[in-house]
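Two complexes come next, and they have one chain in common, chain A, joined by chain B in the first and chain C in the second.
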Partner chain A sequence: MMAKLRGGAWLGLLPPLIVLIVWETMAEAGRLPDYLPAPSIIARQTLTMLASGELMRHIGVSLFQALSGFAIGAFFGTVLGLLSGALRPVDRFYEPLISLTYPVPKIALLPLIFAWFGLGDLSKIVTITISVFYPIYISALAGAKSVSRVHVWAARNMGASATQIIWRVLLPTALPQIFTGLRIGLALSFVVMFVAEMVESSVGLGYLILFAEQNLRFDMMYVAIVSIGIIGFSADFLLRQIGKRLLVGQLTATEIRR
Partner chain B sequence: MPAPIIIVRGLCKRFSRGGKNVDAIRDFNLEISEGEFIAIVGPSGCGKSTFLHMVGGFEPITEGELLVEGHPVAGPGPDRGMVFQEFALFPWRTVAENVAWGLEIQARSRSDRVAIVERLLAKVGLTHFRDHYPAELSGGMKQRVAIARTLAFEPRILLMDEPFGALDAQNRELMQEELQTIWNETRKTVIFITHDIEEAIYLADRVIVFSARPGRTKADIPIDLPRPRDLEVKKSTAYFDYRNQIWDLLRDEVLRARAEFA
Partner chain C sequence: MTIVRWFGRYYSIFLLLAIYELIVRFGLVSPRLLPSLTVIGEQLWRYLANGELIVQAQVTLYRAFAGFSLALILGMLIGTLMARSRLAERLIEPIFYFGYPIPKIALYPVFIFVFGLGTGSTIALIVLECVYPITIHVHAGMRSADRVLIWAARNMGASPVQIFWRVLVPAALPIFFTGLRIALPVALIITLVTEMIGESRGLGYFVTYASASYQNARAMAAFFVIAAIGFALDRAVLYARRRVVFWQPTDTSIK
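Our next item is the complex of A and B:
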């Protein structure tokens, strides 16, 4: 009995399935308000919007913004975090700036960024980049600082240069923590993308929600919400799989490989 | 007689802790010939590891002279291969990739690297564990990987900082035997730090007994036991006499060190 349950990944599917069934039957019975259309209606609307290509257009724009912002932010966060971890002067240089700006919600900068970079995609990508940068910088820095002295000594003993130590010792040491930062950054990139699109856009999933609300098309609103859910889950899943591959040696050490 | 490969003259190492200067090592002198196996024993905190770190180029010297092959030590280098008590293997790399690390830094060709790694893994008996990660190995196996990694970049001098200190008694004896076999084949100069007197006598040509802090030579005892030595040598009377002699010397220092810390 226990053995069967333990292997059962399907267990996690049970709660959403129950919710869906209850939701559907109550909607069919006409017991739900307008803003809760039946799952079957949402599914039908999804298919219609997929067939017309409209949904893919919104998803394409949103994904492009979120992922390019994420990629740029992740790159700078990782590189600067590692450098700050490796070189005290770099850390000293950036530390006050980072500490001061970290607690500011980056979305608050959106109007300013619109003023600087215009009302187009660029502004949204910049906002996402800045938001994503922080958690990744902080985790890369903490990861690099956690390096053990003997690893650095062993590397120097074998003739490694400072640059080689950063890329071949500090980066792999920090990688588990960087991946945690990447996952937080990824989720953040979707949040910021959504908000930015709701503020100022004519296409994208955030815009779709706003448009649906203004036209009382609650079915469309759920299409956007479900889409972002599926995209977010898939992106995080992909990231976790990459992490598992890259971190196989370290995960063996901590016994959390499953 | 050729010039010694390592010359230490009037060496002093001073640390400042909380505004106070503490001499870890004071007026230490030593000469080591090429191919000699030196073991240093001493009470904990006597500066023997600090000395090794200075030879390795990881810690600057405060006063005196420290010459390796006639040149003052200016920093770490692959001519002096360090083996750490904590193994210092890279957990994200497999056994074979760990052994190849230094060779990659030296930009050796792929075929060179493969050949050297295979030869050394065979030497330390870990060929079948080539693709395992360090976390999957026992302590003894990890240290064998670390020794293979150090031998791979062909240092002239091996610096071993209590390399078997983290191993259980059985593994430690096995590793001592293996190290002796490797040393017999390669005849590298070795400085071996340990707190285990029996290990020092079994392995070394000379045992240096360090005094309590500040560390310096309390006794320099040539070990005149025939080589190659097998574990039977540990039952001989000569071995026993060395053991007692060194233990008596060390005992005073351990008591002195303890009095200082108390």
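Our next item is the complex of A and C:
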């Protein structure tokens, strides 16, 4: 995709750049409402909060919640998805459950999860785990089902056990699709983390935004917004790089770029 | 016979519900935390009968649909523009490509200041969140049109307008529906979330309020309504896809 854009790639920088310049000059001239502080002020506030370590504290808590929820959800999603693809009884158990609950907005459980697991980290991690599980389970299942029958027959013919078939045939086949699921799940984990922190929390980026908004510290609010944007983007970038390394030679399933 | 087979296909749901009911009935957890299914059913009936849940559901659905329709119009326009003009693609595509993994919900507090607390800011946030998947899928769909088909149409004397409506749009439809299926739940989720954070109406608020007043049964009854809405919307998209894109079977594993 990058190769296709070469030559005109700089054009893409134009719209954000123009917005930034207009924003800055308008803010300097005092033409903007309070809730749109100049980008230079936001940058200065970011540096101050970075130096005092306050920003890192919020980021640390948020990252811990999002990533542990993501890791647990990804583990169960991948394992159960592959097992469902491999073993008919497992599929028969999970298929109705998943197809019934998949389109349900799981986030609506958040208040109940707070009641069940308390107001601490645990309920946030549980909520993230549930939300992340679904897309990963579904892509692992679809990936495992897309396996060529011939490959399975060949492996069985050469005396591979069921475990070996799952590990050596199904997993490599499903890997590109699993990565698509992981990317969706990762983006979701940050959204859910953020929402959970906004609903109920005393630390973390979601809390920082609400705190800043209630105290009319708009510069601080944008610090949190920019941080969450950078974190979301770099986590996705990192995952894509890992995917590229792992899927050498396989067609990456990211043809529809998201 | 068919009932037995139907039961056999969905046995896991009944199994889990039975286990849940047994756990509650044997008093393994406080009924305050996990109320029995009959109590939840009672609450569901009560709040459906007095119309409260229906009113809240109307509020939530109105917001979700208003935001979703705006995003649909905007997304189709931008996606088509990007697919038809190279300049537009170069200018706009990075915003969608790099902006996709960024959680846009973080902008909600800003939207509250711009559009005010309530329906306005919720709809604006839904538009922002939904326009990404819709635009990307419209763009990808139009781009997926087979070059040879376009050449063939042009060769047979089709005008650009004809090519657009008779070749590009049908080619884009399957992928477009995939985008719809991603965007519609997102619209519902964003509505519920904003109602949970700062609202006094809607199903999201109802769940939060009930659970904050230690009425878990009421909250779970409302959750069932939300679940039913989410399920029905997804089925509606699938049905529309089957009717519109009749020439291609559904590509997703969950039907």
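The rule we apply is simple: the second predicted complex is superposed on the first by the 239 of 258 C-alpha atoms of A that agree within 3 Å, B and C clash if a C-alpha of one lies under 4 Å from a C-alpha of the other, contacts with A are read in each partner's own complex, and residues count from 1 in each chain.
We take it that a contact is a pair of C-beta atoms (placed from the backbone, for glycine too) under 8 Å apart; a residue touches a chain by one contact, two chains touch by 3 or more.
What you are looking at is a predicted structure, and each value in this text was computed from that prediction instead of being measured.
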Practice problem: Would you check which partner chain A:R156 touches, where first means chain B only, second means chain C only, and both and neither mean what they say? | Solution: first
Self-check item: Touched partner set for A:L175, first chain B, second chain C, both or neither
Solution: first
Practice problem: Considering only touches as defined above, state whether A:I98 meets chain B (first), chain C (second), both or neither. | Solution: second
Self-check item: Comparing the two partners chain B and chain C, which touches a greater set of residues in chain A
Solution: C
Quiz item: Which partner does A:S148 reach: the first (chain B), the second (chain C), both, or neither?
Solution: first
Quiz item: Which partner does A:T25 contact after superposing on A: first (chain B), second (chain C), both, neither?
Solution: neither
Exercise. Please work out whether A:V248 is in contact with chain B alone, chain C alone, both, or neither, and reply first, second, both or neither.
Key: first
Exercise. Mind listing the chain C positions that touch chain A in their complex?
Key: 9-13, 16, 33-34, 86-87, 90-95, 97-98, 100-103, 105-110, 112-114, 133, 136-137, 140, 175, 185, 188-189, 192-193, 196-197, 203-204, 207-208, 210-212, 214, 216, 219-220, 222-223, 226-227, 230-231, 233-235, 252-255
Quiz prompt | For the chain A and chain C complex, residues of the former touching the latter | solution = 1, 5, 8-9, 11-16, 33, 35, 92-94, 96-105, 107-112, 114-116, 138, 141-142, 145, 183, 186-187, 190-191, 194-195, 198-199, 205, 209-210, 212-213, 221, 224-225, 228-229, 232-233, 235-236, 256-258
Quiz item: In the complex formed with chain A, which residues of chain B make contact?
Solution: 56, 58, 75-78, 80-82, 84, 86, 88, 90-94, 101-102, 105-106, 133-136, 150, 153
Quiz item: Okay, in this complex, where on chain A does chain B touch?
Solution: 148, 150-151, 153-160, 164, 168-169, 172-173, 175, 247-250, 252-253
